[in-house]
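Below is one structure; the comments refer to it alone.
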Amino acid sequence: MSTVVRTDRLTKDFSTGFWRPRPHRALDALTFDIPAGGVFGLLGPNGAGKSTTLKLLVGLLWPTSGTAELLGRPVGDPVAHQRLGFLPEHPTFYDQLSAEELLVYFAGLFGYSGPERHARATRVLDLVGLGADRRRPMRQYSKGMVQRVGLAQALVNDPKFVMLDEPMSGLDPIGRREVRELILRLRDEGRTVLFSSHILSDAELLCSRVGILNKGRLVASGTVAELAASAGEGGQGWEVVVTSLPAAAADRLAPRVRRVTSIAEGRYSIELGSDVRPEPLVAELTAAGAALVSVTTLRTTLEDAFLKAIGSADRGQKAEGTGQRAEGGGPQA
Amino acid sequence: MTGRVRLALAVAGMAVGLAAAGAVLHARDSAYPLPVPTQHLLYLRSSRAATRMMLSFKSVASDVYWIRAIQHYGRERKSLRTSDRFDLLQPLLDLTTTLDPRFNIAYRFGAIFLSLEPPNGPARPDQAIALLEKGLAANPDRWQYAHDIGFIEYWYTGDYRAAAGWFDRAAKIPGAPDWIRPLAAVTLAQGGDRTGARRMLEELRGSEEKYVRDAAERGLMQLQALDAIDELQGIVEHYFATQHAYPAGWSDMFGAGKQPYDPARAPFVYDPATHTVTISPDSPLNPLPKKLQKK
Amino acid sequence: MTARRIGLVAWHVFKESVRDRVLYAIGVFALLLVASSFLIGQITAGQDVKIIKDLGLATIELAGVLMTVFIGVGLVAREIERRSIHGLLAKPLPRWEFIVGKYLGLLLTITVNVAAMAAALYLMLAWMNWESPLNIRRSWDAPATDVRLLISVLLIYAELALLTAIALFFSTFSSSALWSVVFTVGLFIAGLESEDLRNFGDIVDAPIMARLVSAIGWVVPAFSAFDVKAQVVHGVHVPAAFVAHTLLYALLYILVALGAAVVVFSRREFK
């Protein structure tokens, strides 16, 4: 099928307060599609509703109104879970079991039997780097190890669609890189990946499409390039990094360029606008005795798009009092 | 099927299940009542052991045993067993009053119901007297207990000397009402007399305890029945005297279809073979006090 | 497929409970109780068999109740509290299968434990029998290794099966393990007194109150109805029909409790 997730005005209210419960709207008329193949990032500040969305999709929560479909079935239908992999937000499993026992158990739930279960468990634990520790009880695991178990159990059934709720949390930089590589590998294998995160740089590197949530509303969605373009005010440019530049020369440079930043003794980062070519400047600086370290293009980042989307949404909310609604698939108007 | 309908069906199914379960349990208890070995129902056979073990919960424990005593009495009344009935009544009341010696109602209840004859009680006036004596030892100001013993001796055991002695003693307890004093004299003079008994019962009918009032009411009705039997027997004898033959049935004496009833609305029974009038075996006033059969 | 998934959940529950240290704490406690009954038995001549039987059966029941409440409630309520259940519910496992699987797993745990304790009791009684001279043995109401004790064990087992279902039900709807324990224990105590509640009319005059309390007495699970310890210890006959009725009662009530658990759990949300 071509769409793994489809939601239509999906809304979720929670009642807060004990004596006079008032509804708190965690998700407001969320409407978007996730096509098969590729990596979709669900982004937003803390409390935006990312986890809520994932939990609704996997059937841990029930919608207050609106509908949602997962792999062609209404959410909550266990049949759809046969080809689904899910990493929960704060994974905890069963302290008394070892990772291997857990994976074998879960593999059995998918219908695999006997040796196949063990084979899959071993394979997927090796994939996440827990091969050596797989027989130890999980109460001895560190947070990072538990996170890896979470990833492993999301993959044990060769899922068509993998949903990861904050997959990087609890991992050190090495771990995060491994997870990034894993996600890309899943994509290359033809699977669809949805992950939620508030770390934008990961999304930038991984995602083909992105949705930004703020306070329960979808405030922007589209490809990374589209979003960045919509946010950028033609904000391209260059960054030139040099060393051994005398301070005096740096000072003389300042008015001609957008910004000069001192990184260390003699080492400077120079930002140029897109209208200025870097080559003449480089020649000039090297003639003055500086050594060139790098020349890179600057693009508006996803972060800019993000802040802009959140900011305008907040402003819009204040102005109109109701907030905007974004159509799925297109850049913010 | 929508979620709502499914939920309603599920709840209905569960209600049916609960009802069925209750029905099974009820059927079991009716068809196969298990005998309960005495020792286990009491949990603690010895009162003294109970007192030591209950520590600060004596009062509560005494309440529990009191409730069990009443339940035991209620259940035995309804039960169809023919032997060992009410066998736990005295031990339970004993435990109750040991744990709380001031448990007034337990003494009064025991006084009445331990003495009653089957099917309403175990016919153990001796146990009732023992309980009341225990109560008097712990509460010497309770003239009612002394009076109750006197009554039991009068009504059940027929020991009029003892009855008179107890009435005397009751009268001497400070706070005893005036009408007790003459009772001793009356008892000695007329022992076995319904008038005296009637007077005692009328006084008891004014008691503050409901059990005592009800028992007194019933006693009075029994006395009325005894009086009625005497009258009816007189009519039978009169018939014989005038007709030179005993009547064949009530219709001979009173006319066709007429029938005398006792104060509890049960018909009196006339046995043509022995020419005697008796109370119906189904009457709730059964059994009538034997010691007061004569006027 | 359904059966296999239920079996997997059940086996997993059993494995977890076997590794739960609470189980061993209760086991040690039970052992101490039975050992103490043995000591008491040595002191009172002739009555020791009865005391060992009394205490032994009571220990099986008490230990079973503790296991059911703490392990049973612990397993499910803690699973929900700690969110281990999030990963599980993302699998192709319908919610009702989860409940049934949990129940069967707990039941297996209880079965193994009751069987072990009953075996230990019989061993102790057999030793007692071997040790006692013939004249003492003749004075006993019932033989030391009386097979009829198993009737009581069977009914205790049914009682525990019912309590497990109730504990599972309370775990599914309350949001913390502590409350589940409180409710389960509360209902257990009420159930022990259910006969008194049913006969409330014997004590109280007010008919409305009596009928209300009586109704509660019928609805509450009648845990007191499984108690034939007194009869069995004294060798009093317990008819097979009595046992059959009691087991049927347990089965019906278990189905109701599990049904309720499934209904509640199917509608439940997990934040």
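By written order: A, B and C. Residues from 1 in each chain.
As a convention for this text, contacts are C-beta pairs under 8 Å (C-beta built on N, C-alpha and C of every residue); 3 or more make two chains touch, one makes a residue touch a chain.
What you see is a predicted model, and the numbers here were worked out from it, not measured in a lab.
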| item | value |
| --- | --- |
| Of all other chains, the one whose Cα centre sits farthest from subunit C | A |
| Per-chain Cα centre nearest the global Cα centre, belonging to chain | C |
| Subunit A-subunit C separation of Cα centroids, rounded to whole Å | 49 |
| Intercentroid distance (Cα basis), subunit C paired with subunit B, Å | 41 |
| Subunit A and subunit B, separation of their C-alpha mean positions in angstrom | 85 |
| Residue list for subunit A, restricted to those that touch at least two other chains | none |
| Residue ranges of subunit C touching subunit B (in the complex, touch as defined) | 196, 199, 202-203, 218-219, 222, 225, 228-231, 234, 236, 238-239, 241-242, 245-246, 248-249, 252-253, 255-256, 259-260, 263 |
| Residues on subunit B engaged by subunit C in the complex (per definition of touch) | 7, 10-11, 13-14, 17-18, 20-22, 24-25, 27-28, 31-32, 34-37, 39-41, 67, 70-71, 74-75 |
| Residues of subunit A touching subunit C in the complex | 14, 55, 58-62, 78-82, 84-86, 88-94, 96-97, 101, 105-106, 108-111, 150, 153 |
| Subunit A partner contacts - residues on subunit C that touch it in the complex | 1, 4-5, 8-9, 12, 15-16, 19-20, 82-84, 86-94, 267, 269-271 |
